[in-house]
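Listed below are the structures to be examined.
Both complexes shown next keep chain A, but they swap its partner, so chain B is in the first and chain C is in the second.
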Partner chain A sequence: MNIFWREMKASRKSLLLWIVGIAAMVGSGMGKFSGMKESGDAMSGLMADMPKALQAVFGMNGLDISTVTGYYGMLYLYLLIMAAVHASMLGANVLAKEERDKTAEFLLVKPVSRMRLLLEKLLAIALQIGLFTAAMTVCSIGFVAQYADDASRVTEDILRFMAGMLFVQSVFASVGLAIAASIRNAKRAVASSACVMLLTFLLSVIIDISGKLGFASFLTPFQYFAARDILEDGLSPAYAALSVTLALTALVVAFRSYGRRDMQI
Partner chain B sequence: MNMFAHELRMNRKSALLWAVALAGVACLFMAMYPTFAEESESFKEVLRSMPEEMLAAFGLQIDAIASLLGFYSYVFLYISLCGAIQAFHLGASMISAETRAKTADFLLTKPVTRGAVLRSKLLSALTILVATNAVYFGVSAAMASFVKRETFSLSAFALINVSLLLTQLIFLMLGFALALLLPRLKTVLPLSLGVVFALFMLSAIGASTGDGKLRYLTPFQYFDRAYIVRHESYEPEFLAAGAAVIAVCALFGAIRYLKRDVHVG
Partner chain C sequence: MNVIELNGLTKTYGGARGIADLSFTVEQGEIFGFIGPNGAGKSTTIRTMLGLIHPTSGSAKIFGKDCLRYGPELRREIGYLPSEVFYYDNMKVKDLLNYSASFYNKDSRKRMLALAERMELDLNKKIDDLSLGNKKKVGIVQGLLHEPKLIILDEPTSGLDPLMQQRFFELLEEENKKGATILFSSHILSEVQRLCDRVAIIKEGRLIALEKISDLKGRTYKKFKLQMKAGSDATPFAIPGVTEWKTAPNGEVSFLYQGDINDILRRIASLELLNLWVEEPDLEEIFMHYYVSREGAGV
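Presenting the complex of A and B:
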């Protein structure tokens, strides 16, 4: 387990920074809710009739932001983006950094198989993502509960949001890992992973604005667990299954290609 | 001149990619305008049956949004997001390139002052951003005249487009200063994406809660496009705020770059 602990130690600072950032985001976002509460009511009735594209422009996406969960749902999209940035960078960086920092030889001449090495790195990723989401959950519940009338219901909604986030994070982290394991030039790995993340985000925005491209939702994880759907129908089992399949496929690709990878030293 | 040319050469591929990406995203968004305008038209019919005060509060807003400039103002949010990532990343990676690649001793032992190094780096970053904007301006203007339904104010359109360059300049200097603030930056991309998306989220929170003070905190809000369309000018206080951010970052970065100890090896 040395590699695992080495990994955790190396990234504790950045993880801490991310968690502080997330807490600040949730805190400042929810702090603004108190001002929203009064003015929102009149809007929400009309919003329901609005075409989807117009709703997207108003930034509501079918959410009633006069309720605390609806407002949190609006924040959720941005929290999801932050989680996706973290996960995709983490997944790609954890492998790519060895070649970039020229420590690949040092690592690979150790008496551990590449599979074992990758497995320990994967564990480190999983734990970091878990910590990230756990911190987010605690902050969200802490900041949201003070505005809620029915705290247990709100907590339940937030847990659902966070479960959705975990699925999205695991997709992006394993895709990042697969990219870093299979790409020829390790220097490009992090950029490519970011590129995948940004493209799927833009696609998600386009789907929201057009209002007609719903069939393309399976192409972008940002659409799998939209806040509106989570609040109305809970987590979609189909998309949960799709995320798990995507993540597992990416992991298989990662393990297969890392095993026969030529390191650039 | 050597350093200037070298920096341009190092960054030409990514600059080209960004220019194509920005122009492509603009084209995609604009291509959705015709359907968007039709849907808004039919929604306005619904609105006419609403009570008088509803119409007063909303009608103008809808009119403004359903026009080409209104729609462009909205999608421009995502264009400036992409632009901000490009600029921040350019600033941060350019200034930290030597320390990351361990070529700082090579560069700094050349018979040029650090000031000259800094000048040529910033000048080439400026050139890249101006070139990207020129491409973007041309493509988006062509696309706008292609999808327009009625004439629109060219000067407002131009002002919106120029605000991309101004936003990018602010983010360039933010990236530049932040990269110098962190002594041993290893991967730039997580930093770039994290900071830019955090500011983007702040901007979204500020926009949907209508908080005036929050606007100063995030450069995404310095150029309010609704204001630009109405007045065909920028808000002077935010122009000043942008200039102040640039000046502070430049000053800090320059002092730091000229004086810092460089880790070699």
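Presenting the complex of A and C:
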């Protein structure tokens, strides 16, 4: 487990910064809700009158932002983007940095198999994502509860949101790891992984704006657990299964190609 | 027993040459030199043996076991010093060495301190703040920390000052006496000559010679360069053993000589000289010679 602990030690600073970012994001986001509430129906009426495309861009597709859960649902899109950025970069970077910084030569001449290296790296990714989501959950519940009339119902909704986020994070982190494990040029791994994430996000926005491309939703994890769907129908079991399948497939790709590949050093 | 056994080891990089059909064995307790100019394929061979890259064909065995199938197990007994050392920049030397030691089931605290003291390495510095030579010392300590049975060195002396080089060689000789086998890759023949029992010479990915150092020494070349007074006659040097004859416009001549050193000195003494240099020929010149003599012999 020494590789795992070394990894956790090396990334604690960046994880801490992310957690500060989460707190700032959720805190300031929910802070605006009180101002919104005071202006009352006028604001939500104004928002509802906006063109659908604009609503889609703001992430408030079909959400009633005058309620605290509806408002949090709008904020959720931004939190989801943050989580996806973190996961896709983390997944690729944890592995790619060893080759990029040429420390792979140090590490892989030790009596460890590449499988063990990858497994310990995967554990470090999993724990960091777990901590990220835990921080997100604590901040969300803490900040949202101040405005909620029925705190326990809101908490339930938030837990559902967070479960959805965890699925999306798993997909992006595994895909990032698969990219880092198979790409020949380690310097490009993180950028490639972020690029995949960004493209799926753009696709998601296009689907929201057009309103007609719903059939393509399975192509982008950002559509799997949209805020309105979570509030109305809960987590979709089909998309949960698809997320797990995608993540596992990516991991199989990662393990197979990393075992066979020549190290670039 | 053979510690290293290469059988037709070949590695090509998508058409580009790496190494081709490389076969040789290194016996237990040997200090084996592995020399060739830059880009000859020394590092490729070593990295294949360590499982960092996969051979296109052929195989490499260490301690009699295939180095791909039994990689992790074999690497327990291998210490490796790469030609360029890269470590985690924001780690302290001490932490890096402890991390390195944590991969082996041995308590090497005492040995770490002893080695660091001998190599005059400051354990409390950050890797990032170290000079090239000091990074190399970290590499030496982490390579020898777990008392490996096989020590693989890839251009180990680059960046080390002569004093440290000396201590490093002493260390290697001690390890060798304790039973360690050493593979020493270098492009400098003279440093290999001092330590090694046998050398393999490779060029452009192919093995061109496998020699005992004692044999090689019997056939050493010296490089002579002399500046003669104007009008001197260079005919005394038209003797067997003189090759690579070159003249410069300023009256300087240079050549390689193999044979009785007294013979050539007597001839030099008969001339009026302005200056004289006698040097060890560099590896390229020796290689050139290998090529010439091999082709000449129809091999």
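Keep in mind that, in the parts below, the second predicted complex is superposed on the first by the 244 of 265 C-alpha atoms of A that agree within 3 Å, B and C clash if a C-alpha of one lies under 4 Å from a C-alpha of the other, contacts with A are read in each partner's own complex, and residues count from 1 in each chain.
The rule is short, and it goes like this: contacts are C-beta pairs under 8 Å (C-beta built on N, C-alpha and C of every residue); 3 or more make two chains touch, one makes a residue touch a chain.
Treat the numbers as computed from the prediction; the structure is a model and nothing was measured.
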Quick check on the superposed pair: does A:263 touch chain B, chain C, both, or neither? Answer first, second, both or neither. second
By the touch definition at the top of the document, which applies to A:149: first (chain B), second (chain C), both, or neither? neither
Would you check which partner chain A:233 touches, where first means chain B only, second means chain C only, and both and neither mean what they say? neither
Touching A:101 in the superposition: chain B (first), chain C (second), both, neither? both
So, does A:78 touch the first partner chain B, the second partner chain C, both, or neither? first
Applying the document's definition of touching, compare chain B and chain C: which contacts more of chain A? B
Counting only touches as set out at the top, which of chain B and chain C does A:210 meet: first, second, both, neither? first
If you stack the two complexes on chain A, which partner ends up touching A:6: first (chain B), second (chain C), both, or neither? second
Chain B and chain C contact sites that coincide on chain A, given as residue numbers: 101
Going by the contact rule at the top, pick out the chain B residues touching chain A in the complex. 25, 28-29, 32, 35-36, 39-40, 42-43, 46, 50, 54, 58, 62, 65, 71, 74-75, 78, 82, 85, 186-187, 189-190, 193-194, 197-198, 200-202, 204-209, 211, 214
Sites on chain C touched by chain A in the complex: 47, 50-54, 71-76, 78, 80, 82, 84, 86-90, 99-100, 102-104, 142
Residue positions on chain A within touch of chain B in the complex are 14, 18, 21, 25, 28-29, 32-33, 35-36, 42, 46, 49-51, 53-54, 57, 59, 65, 74-75, 78-79, 81-82, 85-86, 89, 93, 97, 100-101, 190-191, 194, 197-198, 202, 205-206, 209-212
Give every residue of chain A touching chain C within the complex, in rising order. 2, 6, 10, 101-106, 108-113, 116, 260, 262-263, 265
